[in-house]
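Below you'll find the structures, each written out as structure tokens.
Consider the two complexes below, in which chain A is the common component and chain B and chain C are the respective partners.
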Partner chain A sequence: MENNINRRQFIATATKAGISIAAASAAAYLLYDKKGPPAKPKAHDLVTFPDYSVPKITGQTISIVKGDDRTKSVDKAIDLLGGIERFVKPGDNVIIKPNAAFATSPALAATTNPQLIARVVRLCYDRGQAAKVYVTDNPINDPASCFTLSGIAKAATAAGAKLILPKENLFRNTTLAGAKLIKNWPVLYKPFEKADKLIAIAPVKDHHRSGASMTMKNFYGLLGGRRNIFHQDIHTIIAELSMMIKPTLVILDGTVSMISNGPTGGSFDDLKNTNTLIASCDMVAADSFGAQLLDLKVSDLPYLEKAQNAGVGTTDYNSLKPKFATVT
Partner chain B sequence: MSKDSRPKTAEAVISFAILIILTLIAAAVLRLQANPDISRFGIEDPADSPKATESFDLTSLAPKNFKPIAKTKIYTDDNLYEKINGKAPLYTEAGFKKLHSQQFIHSTDDTAIIDIYLYHMTNAKSAFAVFSQQRRPNSKPITFQHQIFGYKTTNGVYFIKAQYYIEVVISVASDNALTDVINIGKKLFKKIPQTKLTHFEEIALFPNGNLNTKTITYSIDDPFGFGILSNTFTAEYQIDGQTMLAFISKQQTPEQAVKIVQNYKQFLLENDAIKINPSLFDLDGMFEAVHAEGKFAIGIHAAENKNHADTVAKKLIEKVKSHGK
Partner chain C sequence: MKIVTVRKISQVFFFTLFIWFCVVSTIGDKFFQIRNWPVNWFLQLDPLTAIATILTTHTLYWPLLWALATIVLTVIVGRFFCSWLCPFGSIHHFTGFLANRKKSNAKKIKLNKYRKAQSIKYIILVVFLAMAAFPSIASTLQTGLLDPIPLVTRSVNLLLLPILDSSVNFLSVTQRLYQGAWLFFIVFLTAILLNLIIPRFYCRFICPLGALFAITSRFAIWRIGKTKDECSNCKLCEKACEGGCEPASEIKISECVLCFNCRADCKDDLVKYQTMPSLAGQVTNPDISRRGFTISLASGILAVPAVRLSAKITTNWTHNIIRPPGALDEKRFLNRCIKCGQCMRICPTNVIQPAGFQGGLENLWTPVLNNRIGSSGCQYNCVACGQICPTSAIRPITLEEKQGTGKFKNKGPLKIGTAFLDRNRCLPWAMDKPCIVCQENCPLSPKAIYTQTVFNTIRDGVLTVKKSTKNTIETQETSMTADSFTTGDFYCAAKNGEKAKITANNENTIEISTENNFKIPRKGEKIYVQIRLQKPYIDIEKCTGCGVCQHECPVSGKRAVRVSAEGETRSDNRKLLLKT
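Up next is the complex of A and B:
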């Protein structure tokens, strides 16, 4: 086969080939991922939250206190369940999970009220004789500002608690057995790893997506990553969160409830003095009662039934024989 | 064997033809991208569209004795949830572009915090959607210049201008505090460019008697969950203590309006509604009226009283009909 080319053709062809090789090399260099894809966590790297619950006592699972003074209400509500000594034993490490989702003033009631944080911390130390009390949440957006402006940081530290900001190294991946959504997902875990007891304190709020944000929705704050994707299936994720974590006690603060434009609110017009505080070992029951503070029925919040069906608790709070009281 | 490596004439012609076709396709794509057909691809009005570079430094709005907590922060639809969490879908589903947010704190009273939220929406209708869906029922109207879509509460002002929805709130309730946020609102109002006054023709079509103007709301998608209506204004009417919602949904063509109304009626009948007359239905003791008038699908939703539903529906039809003349 003859293949005669002249010098000019050779140079042109060689130049084109050179440009092609250079372009391919440059593209390869630019697209090269030095780190490579992250290794998937192995099954034994996945974590599971400890079970913080305490044995149930018939007739002392849920208490509902009417009053406008949070400190008195929470004292009474816990006493009705047997006192803090039932939940916190001497030497326990206690972790408190507030709702610190927004960098807003406590007056707007979008976050857990700092008075309540301070009171529960003191109860844990003074009567429960806790070794250490920690307060943590993962508000995503500038956690330091959220804890500061909500007043939670100041109240917690003044009462002797240690505030833990959600740094990246505190997250671990978890998978909830049988879950649709919580699969190999990062959660704020390390602060909870060594804790003996978990007390979650949440305000009663309207919620644009889920209908209401109370004690169960409060655990959304444990999720890391781009957790907003779960807004598409909000009732399932809330139910799964309630299956993932078993708190010692939940406190639902409906002293002032955000009845509209939640979860952010912003106007005092969004708030209503509902003067109710609930303490419970059953968060499904607590939220089922709390729904009525927002003029909602249990059926308006599908995550309640999902959680009940999963065996987390009961929506029929009356079956638990709640203890009622009023404080003045 | 000798072989000529140069293309033959026919091959060259075909190659050039393919290149020309590809060039024409690319030009057509670029042209369509530059001049989108809003009627086919969305409701964006180019006149209202924001400039990509539009940006606001809100730190200069701090009232006396207040200081910025940080620089103005900007959020996009990728990270809006970080700022407003579960309320983000309300905005992203209504056509959210960008949020500028700014906080000020009082220099001696750290409980006094001012929050400014400047939501940059796709267009004025998007802005009105999020404004109207969050309107506080006990609020009082507030007007900046000729702007009519605004209100104040005890601790905040809320308004729209062009494609922006603005909230300025303070965490303490006092006359001075409210004055501070109103003044910020005024300054912001001046800062925001506007090429034309915001006007929605549907709002003027709601008959006045028994109308609660504070309840006029706009929804891009279906406001009643029937999966039928879109681009819909609703307004509450109250007669003798009984309420109902009137709705106006403008379509591209009269034929589309007729189709929407047919689907609405079909939905009602499939859900065991009883037909009272061609436009009026009883759905589990609540009354629904639906009618096509020109490009508008209009009607009454969830009326507690049949006669009241019929009365308001007739007035609505009459007003829309006279608008089309």
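Up next is the complex of A and C:
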């Protein structure tokens, strides 16, 4: 073999070397970072929940039905507000937000009653002609266990709804304008993104820290992350949650109320038949009425006034001319 | 069909079945969830588990009767388990084949020759059984460390499935986590990579179950052997010999794993599976000397007392080893737990974790609760771990027994530990911040966590009244931050202790609620800005140690409420209270 390479070989080698140098330099140029890393990672792309509310009709904002049969009560309560057709239009995707917080039996009323969910799902399909109804929550106990043991999974799917478990990839960060607490915080967002209507169904429960857990507190279940730190300022976070989300309709189930040992309950001794079910477009009004079922006044639940001051609704439910009825 | 084809079909079938059982070990009623699948079947077939638990407990727990079938079949036909059924064996078989398939026949024959070191597995077996066998000194069940069935079960369930499922979350809603899984990874990966050096390395040199089969197969009625003493001596029968048992010369019956490759590879059709011993001679006894046997027996017998000198299951027990509900007392627990990880796999909340070395050597990979991992502590309405445990190290308790209801009413709920409040870290106790998340989440009724309400004057909270009206107080100081007392938790107190809720404030004015007939302080009087705190207390007689409070505690590093094993029902000597 010759000692010297020929011109052709040299040009080929030099070209390869040149390309390597150019590639390395280009990579260095493109990746060049003069500033170094910021103190914190970049904020996520923030999301905002859609507004699910429907136009107001005076005198048809809140209905209060007495009775011990949830199915009949909810039928009546919704009819008094103009029927499900007012809230769900044909082809709508409806999302239902129950309180599925704990992995306990439905008999203990720590979670939204499954028959009630099933009934609302059927109403959405049969009379509202919804395209699809979804049910989701981010519970406190193990999510799959909560939906199973509370009976919600079975009742909802049997009625034709699709259950969405709160998987990690369904959360997005949100910031509520003007909020003190909800800032760049993860929320269960993806199931809500494409929905047209939101119906939230919550039981009436004692809650040692905030006083009561009803329709407003139910939206705590939208929060992700280590949300328990918000208990330091529970009334503000509940008020902010009610500002963050504008549901189509809330249903407050006080057919049986958890009057003690809340919000977990755990014994029939903690329950009382209060035979009341409320449907409302104004969750502040619904919870203000619901407070009575737990022998509480509006002033015992500071989050109500906070929400009222923020314009979410009114604590003076009588001003809305509630529709009353009794079903047997 | 050739017998090696049948063997391959069997391997694929049982391997698939094993993986399927791992996949379906999830609570739920979907087709890919547990329903009634016998997910412990491979563990039950394992005679090492059966024999070792017989040695430690002197009984054969009923589901382990399956192991008798394995033993009987092995006595009749030889080590069929290794090459026909064992999922770990199939992994080694396949990777060994992949790694060496391009080598020349001469090299393959060399790779598969018998090695003296293959007797190490007998030493391992004898040490493990000796550790299990002498209750008068101390006994412990440690076979699970290297027994291939528990090993492959935990490796798939607690290592491979969580990794594979992490991107899709198909098997679980949230990522399954297992502390110290890196050690499973190292063991599993090492075992597999050793096949690159010698095929079926684990099976030939380490596997204590294989060693047990080797001993039981010495009387096998059918065995591999040559039908002629003299042959062309091409040694092709040894090129794919999985056991390294040298069928060409004096076959080591104890090492033969019944892969039947020799029979398929013999050009002259001289190797048969038959009742007659090989005409080239056979060795039936495992290759372990009397001295080797004695030394390993003695080491095993001494090892347990040596480990027990640490007093890890007596006086020096580890307080944060919280066992699942239904677990036996520590000594009997360690006599049964095979470290298979089934309880950790089935636990719906992922709170059951493999122990590291914190509870002593014996505790490695046994189940402990870690309330900082998983979706909640030990779920009140769940007894899945005891139902799945293959050896009843965790008894199959009912919900009634766990919760102390029905016929267990007199015994009260089963305690797995007791929650202790760390008042130096608790928000209301240490930092005057409202919280009580622990109380809220206590699943008992009445709750084991209760509160007492106190009003504490905040820092710089003593102010002097400058002017006051019916519901406003202007202070001389201008030290307040606007809107900072409007959370609903702040009160304005007078000197006599009467107080009213603060509804609004700015730098120097407080607005108060008028509903309590609070007598407004006059100019010059002191007022006290106070925060209303509900301070949590634990009712130690009610607490069951479920750990939901610890899981939910917002002090996310070292929790302000932590479960410790004192008071657990399973051990009488860890009582905390006079009355239980």
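Going forward, the second predicted complex is superposed on the first by the 283 of 328 C-alpha atoms of A that agree within 3 Å, B and C clash if a C-alpha of one lies under 4 Å from a C-alpha of the other, contacts with A are read in each partner's own complex, and residues count from 1 in each chain.
Convention: contacts are C-beta pairs under 8 Å (C-beta built on N, C-alpha and C of every residue); 3 or more make two chains touch, one makes a residue touch a chain.
All values reported here derive from a predicted model rather than from experimental measurement.
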Query = If chain A is used to align the two complexes, do chain B and chain C fit next to each other or clash?
reply = clash
Query = Of the two partner chains, chain B (first) and chain C (second), which one does A:Asn228 touch, if any: first, second, both, or neither?
reply = both
Ask   = So, A:Gln60: does it touch chain B (first), chain C (second), both, or neither?
value = neither
Ask   = A:His207 contacts which: chain B (first), chain C (second), both, neither?
value = both
Task = Using the touch definition from the top, say if A:Gln115 reaches chain B (first), chain C (second), both or neither.
result = neither
Query = Just chain B (first), just chain C (second), both, or neither: which does A:Ala107 touch?
reply = first
Ask   = When the two structures are overlaid on chain A, which partner does A:Ser145 contact: first (chain B), second (chain C), both, or neither?
value = both
Request  = Determine, under the contact definition given at the top, whether A:Asp269 touches first (chain B), second (chain C), both, or neither.
outcome  = both
Inquiry  = Applying the stated clash rule to the superposed structures, which of 19-27, 37-45, 91-99 or 235-243 from chain B runs into chain C?
reply    = 91-99
Query = So which positions on chain A get touched by both chain B and chain C?
reply = 102-105, 140-141, 145, 149, 207-209, 228, 231, 234, 261-264, 266-267, 269-270
Message = Help me check something: in the complex, which residues belonging to chain A touch chain C?
response = 102-105, 140-145, 148-149, 165-169, 207-209, 226, 228-229, 231-236, 261-267, 269-270, 299, 302-303, 305-306
Inquiry  = Quick check: in the complex, which residue numbers of chain B touch chain A?
reply    = 1-3, 5, 69-70, 81-90, 103, 111-113, 115, 134, 136-139, 153-156, 158, 167, 169, 171-173
Message = Applying the document's contact rule, which stretches of chain A touch chain B when the two form their complex?
response = 1-3, 5, 101-108, 140-141, 145, 149, 207-210, 213, 227-228, 231, 234, 260-264, 266-270
Ask   = Can you list the chain C residues touching chain A in their complex?
value = 27-28, 169, 172-175, 348-349, 374-376, 379-382, 427, 433-437, 439-447, 451, 487-489, 501, 503, 513, 515, 534, 548, 552-554, 556
